[in-house]
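Both complexes below contain chain A, partnered by chain B and then by chain C.
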Partner chain A sequence: MKSITSVVAFFFGSLGLALAAGTTPCFAQTDIHFHTVTGPMEAHIGGLAGHSSDGKTLYRRFCVGCHGASGDGNGENAIWFDPTLGFAKPRDFTLGVFKCRSTPTGALPTDEDLFDAVTRGFVTTNMPEWRSLTNQERANLVAFVKTFSTRWQTDKAGTPIAIPPEPPAKIESILHGRELFQKMECWKCHGSEGRGDGPSAATLTDSKGNPIRPYDFTTGERFKCGVSNHDLYRIFMTGLDGTPMPSFADNIKPEEAWDLVHFLRTLQVSIKTPELGTFRQWVSAHPGQLKPIGQEAPPGK
Partner chain B sequence: MRSKSVSLLLPFVGLLAGSVVVVLANPRADSGTIEGKVTYTGTPPKMKPIDMAKEPTCAKEHNPPEMAQNVVTGPGNVLEYVVVYISAGGPPSPTPTQAARYDQKGCMYIPHVLPMQVDQPLQIYTDDPFAHNIHPLPKLNPEWNKSQPPGAPPIETKWSKPEFIEVKCNIHPWMHGYFAVLKTSRYAVTDNNGSFSLKGLPPDKYTVTSWQEQYGTQSQEVTLAAGETKTITFTYKVTPYLY
Partner chain C sequence: MGERARHSAKKSISWLALSLLGFFLFAMILADSRSASAKPLPGGNFRAIPAFARKYGLPCSACHTAWPELNNFGQVFRDNGYQLMNDRDSPIWQNPTYWPMTLRMTPNWHRERTNHQPVDGAPPNGSVVEQHGFDLSGFDLWTAGTLYKNISFSLLPSSDSTGAFHFENAFVRFDNLLKSRWLNVKFGKFELDNLVSEKRFLFLSANGGLYQTYHFAPVGDANDFGLGDNQIGLELMGHSINSYTRYSVSVLSSNSGNVGLPSNRTYDGYVTFSQAFQVGRLGLQRLGGYAYVGRRPTFSQTFTTAPIPGTGIGNKSFYRVGFAGDLYTLQGKWEFLPFFLHGYDSVFLGIGCGLTAPCSPPVTLPAGAKAPTWNGGFIETHYYYSPQLVLTGRYEILRMSRQAFPTPTMPANQGDIDAYTAGYRWYPIMFSRAGLAWHNEFSLVKTAGAIPLSGNGVGLSPLAPLTALCSATRCPGVWSQTLFFGFDFDF
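Up next is the complex of A and B:
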């Protein structure tokens, strides 16, 4: 039986962190007392039903070292993740608060949302991707994760937000998106070039009080909550709950949201998106026409 | 019959004149009052001036700067912004239909502490020419985080479980307030004289509780006869540091 130690050590290894494997007790051999707060739970992913009773062993094997036996994110490896260096702490499942949701801010995610997050992993953090597990195994794990918070008994998962079809990423759409980036003040956190260095960036903390950095678009790194334009749409319309990243659903109209998506792609300068090509072409044909993004000069200047 | 109407002082007035929020108009003839002060012993922490340099409009508006509001004291060793409420006794209090109102104005929350009853409508307004994000940090209710750009309509919401909820704006990290979500609408917030008054209370044995964001809750039993007014004092031991 492969132990959690080697799994975890592998991820640390890839981060270049020295973890003395010998000092880590082997979870697979001790019987852990899980502190779950609900009865058995199910998860439904399409036609697939996951069962917490079947997820328990998988959790013990693959997840407990980070997320902990009571699901509070205080697994024994969690102390190695330093938020001041940009490494998020493992999610505390007892709160029932999740970052990647198709549902409005404040609502529980759908089972699919959790399934996708577990499958995809969180790049730029220590949360691995779990594509190596079968769909059934991941569905079982999602069901088990739900046993750590009574919110799954008292609240229903939210209804996914409606997303209209994506219009073509024409220059008008990109330029309007740029106006929204200014008007909605994304730049206060993400910076005028999307480098994650806006005026409010330095003081941001997540809801547990740990420092957190806004996403730096220029790196072109995958988003925590997906890769596609649809995922990007969802990210700012639902927000990343538990972090400073708010929901804009009340103030950006669905059609306009696509314009913002198209503009955000132009900030990912290191991956040369088609939107960036369109934008650069326009800018070189219209020199000096764009007002810089950021704090506007006070009136009268 | 007990009236449903709730008279909340306008939050703005509240901040200037001190917010003795008196609830339940048209009391019964035999109803009484519990009133008093919240005081402290010890040395309170010194509140620091708030640096709003990151939002120039606000820095200009608050000159001299506003002080932090974690522990607000007044002459005679009193504490302002302490919620005092009935935690037991009296008839059940119907959920007010009138919304509790929270304002964002000049990078400050007004009032600093807003009491409301469970399931009472809550409206959050912004008056500022730049965006805020409203980020309540509940433990029992669901946590959410919404952007509110200038000119946006009020956020309409409510809380379904009693809890003291810290509220933050991540863009302006000095913005810091509380929603006091209570099982009752018999509450008050101490004004700058540390005074509170709970009116319209029918005769009964009451538990009166006070809550201060740094120093937590305290309770007292008060038995009220018909038409009686009782004066009580809550005293907090304060420490010169914040935690």
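Up next is the complex of A and C:
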């Protein structure tokens, strides 16, 4: 009997201590003080309601190492991400500024936007895709992310921009898109072939002063803010806030924007898009007809 | 328990001393609250890889419910070939000084008690032997990661506590063939794609640190296969984008994972399938099934003299089939792992024909000999109090349903096992560089008429022949128990 007593005594004795230590605020890492600035928040994604109270433990488990206990993007790992090598710093949630939005530039994203960003992650950065968490978990996380900025109390989320139906990617559309690429000076940053090597590319910084590179279309890598043509449309019509990548909503008409989408697809040479096929066919049938994109090209064509 | 208590040895550490020791260790941890975290393994069996945490800047808790056990995020990462799929997984994106290396060990204190031991002056059915003291676990030196985008590897030299090494795993994996997640090919020595992993589980003690069903063979059986043993071969596996659906098909050398083609030249097969579902606020629920079919030789090309390695013939078949689950409640805080296995070995293996005791052909079966079959299973539970504290428990049961020999040669219950384990792991810190866990476990196993699978830790084998203790129909249980605590560290 003595032996059983000793086992039980040891077991529960040390467990009690662990529990006590684990719940004592002064102890080790459990003292992570989340610095949230709003009251409890909710997120609504379709029929799903996320709650910040449930998101907190998830944030502590999955996110705090990068985004930090006060959501300012200064988690323990943040210093190791080197923007000069293309690894973005974790988002600072205290600013309430987000890259991937369906809403106009300057506006807060919708809950769905944040949900989608968390789900798909940020390719080419350390922000993983969190698809493997359940929908409920991701909804709770979105609600918790919102507790770091009072913007979520003072501002309303923007209204998603209207996107007209996509016309077929005919050659006329592609060629018109090419003109827009020239005219809107996308090439200044993205380069005449979309390699991310335009004349301004080397000096760009984001709103936090970190170096940032324009997207290189030729890699065929996914976009940070999605993969579909609709996502691509939204990217340049809403802009990636906090980066030099602007919104062109004031300069490009909604219908014309699809032409630009179709042209951008021809720049993704390593994934051989259908648009690229159409474009190449036309180019070989009309040798010498296209002016090169860039500074030297006369405006318009 | 009653039986064990009756034979309790005079010398047992008093509860007071033990509690004091526990208190002392806690005081030490409390005094130095900043440290690292990782996973250790007794006998080299448990894995978690802070090297990945360092590569990606993720905390242990991102991939592990409680390391080394994987959560679904970790499972997806593993299924992707240790890749986040962020187009930056290839080592060409890493700082050249990054070295994907992980160390794990567990200095510990443990106490082993086994009854029916043939000590001097013991009564005819033996008495209790108890050993205890400070000790070391085995040691893992694990390197794994990517060689290039979509080409992964793992190499795990693992030692026992004396430093004698073997290769626990060593493979290359070609990921996302034809750009499809459904086609990944692994080549080398690897863990079988068991839904409930014994390599990444939360138990370390001699008696609790293994699934009995994963290593069981009927008494006197010549089959050396264990579902928990890493095997050498080729695996094709696939998974959906979030790994809710998973399958694997493997072809394996029938040498039980041993190198140098020591016994056989046939091939075994293993298939697994599982499907997970989101169930509202309960969390993720996964159910799956598996089947392993193999053959083992009953003699080799020489059955009169020493066997020639690798020439096993007279192959006889065996199989293991069953299902498993990974069920969560309370929004993922409480996990249940049910597991069931049905085992069958050919009668020739059952009566003990194998390379160590070859049966010269043609073998005449003893009267009444039958192919042994059994059913085993467990229900394991984890309660995640926080990412830093997990409580664990398991009940495992194994019952022979048909013995190779009829009674009284072999009592009906000979080989039956009941195993109980309870414990907890506390991770005083949970960062992204390394890991430390304070591991506590108490395990108790009753094995009827056989030597406990734990090999009983540090002790002697129970009375031999054990059958001397069996009646014509029943064998008494040998109780073996471990009390274990240690610092499990992983860097």
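To be clear about the criterion, the second predicted complex is superposed on the first by the 266 of 301 C-alpha atoms of A that agree within 3 Å, B and C clash if a C-alpha of one lies under 4 Å from a C-alpha of the other, contacts with A are read in each partner's own complex, and residues count from 1 in each chain.
Operating definition for what follows: a residue touches a chain if its C-beta (ideal position, glycine included) is under 8 Å from a C-beta of that chain, and two chains touch if they have at least 3 such contacts.
As the structure is a computational prediction, the values presented were derived from the model and not from experiment.
In the superposition on chain A, contact is made by A:Q136 with chain C only, not with chain B. By the touch criterion defined above, A:G239 reaches chain B but does not reach chain C. Of the two partner chains placed by superposition, A:H176 touches none, neither chain B nor chain C.
Using the contact criterion defined above for the overlaid structures, shared-chain residue A:R265 touches neither chain B nor chain C, since it reaches no partner.
In the superposition on chain A, contact of A:T125 is made with chain C only, not with chain B.
With both structures placed on the common chain, the touch criterion links A:E185 to chain B but leaves chain C unconnected.
Applying the stated contact rule after C-alpha superposition, one finds that A:H67 touches neither chain B nor chain C. Between chain B and chain C, more residues of chain A are touched by C. In the superposition on chain A, contact of A:R91 is made with neither chain B nor chain C. Touching of chain A by both chain B and chain C, each in its own complex, is seen for no residue at all. Those residues of chain A lying in contact with chain B across their complex are 95-97, 104-108, 151, 155, 183-185, 188-189, 199-200, 203-205, 207, 239, 241-251, 295, 298. Residue ranges of chain B in contact with chain A, taken from their complex: 54, 56-57, 130-131, 133-135, 137, 139, 142-149, 152-153, 155, 170-173. Contact residues of chain A toward chain C in the complex are 1-11, 13-15, 17-19, 21-22, 27-30, 54, 57, 60-62, 64-66, 76-77, 80-81, 85, 87, 121-137, 219, 221-222.
Interface residues of chain C facing chain A in the complex, by the touch rule stated above, are 1, 5, 8, 12-16, 18-19, 21-23, 25-26, 29-30, 33-34, 56-59, 61-62, 71-73, 75-76, 84-88, 93, 113, 241-243, 278, 280-281, 283-284, 331-332, 385-389, 391, 422, 424, 426, 428-432, 438, 440, 442, 483, 485.
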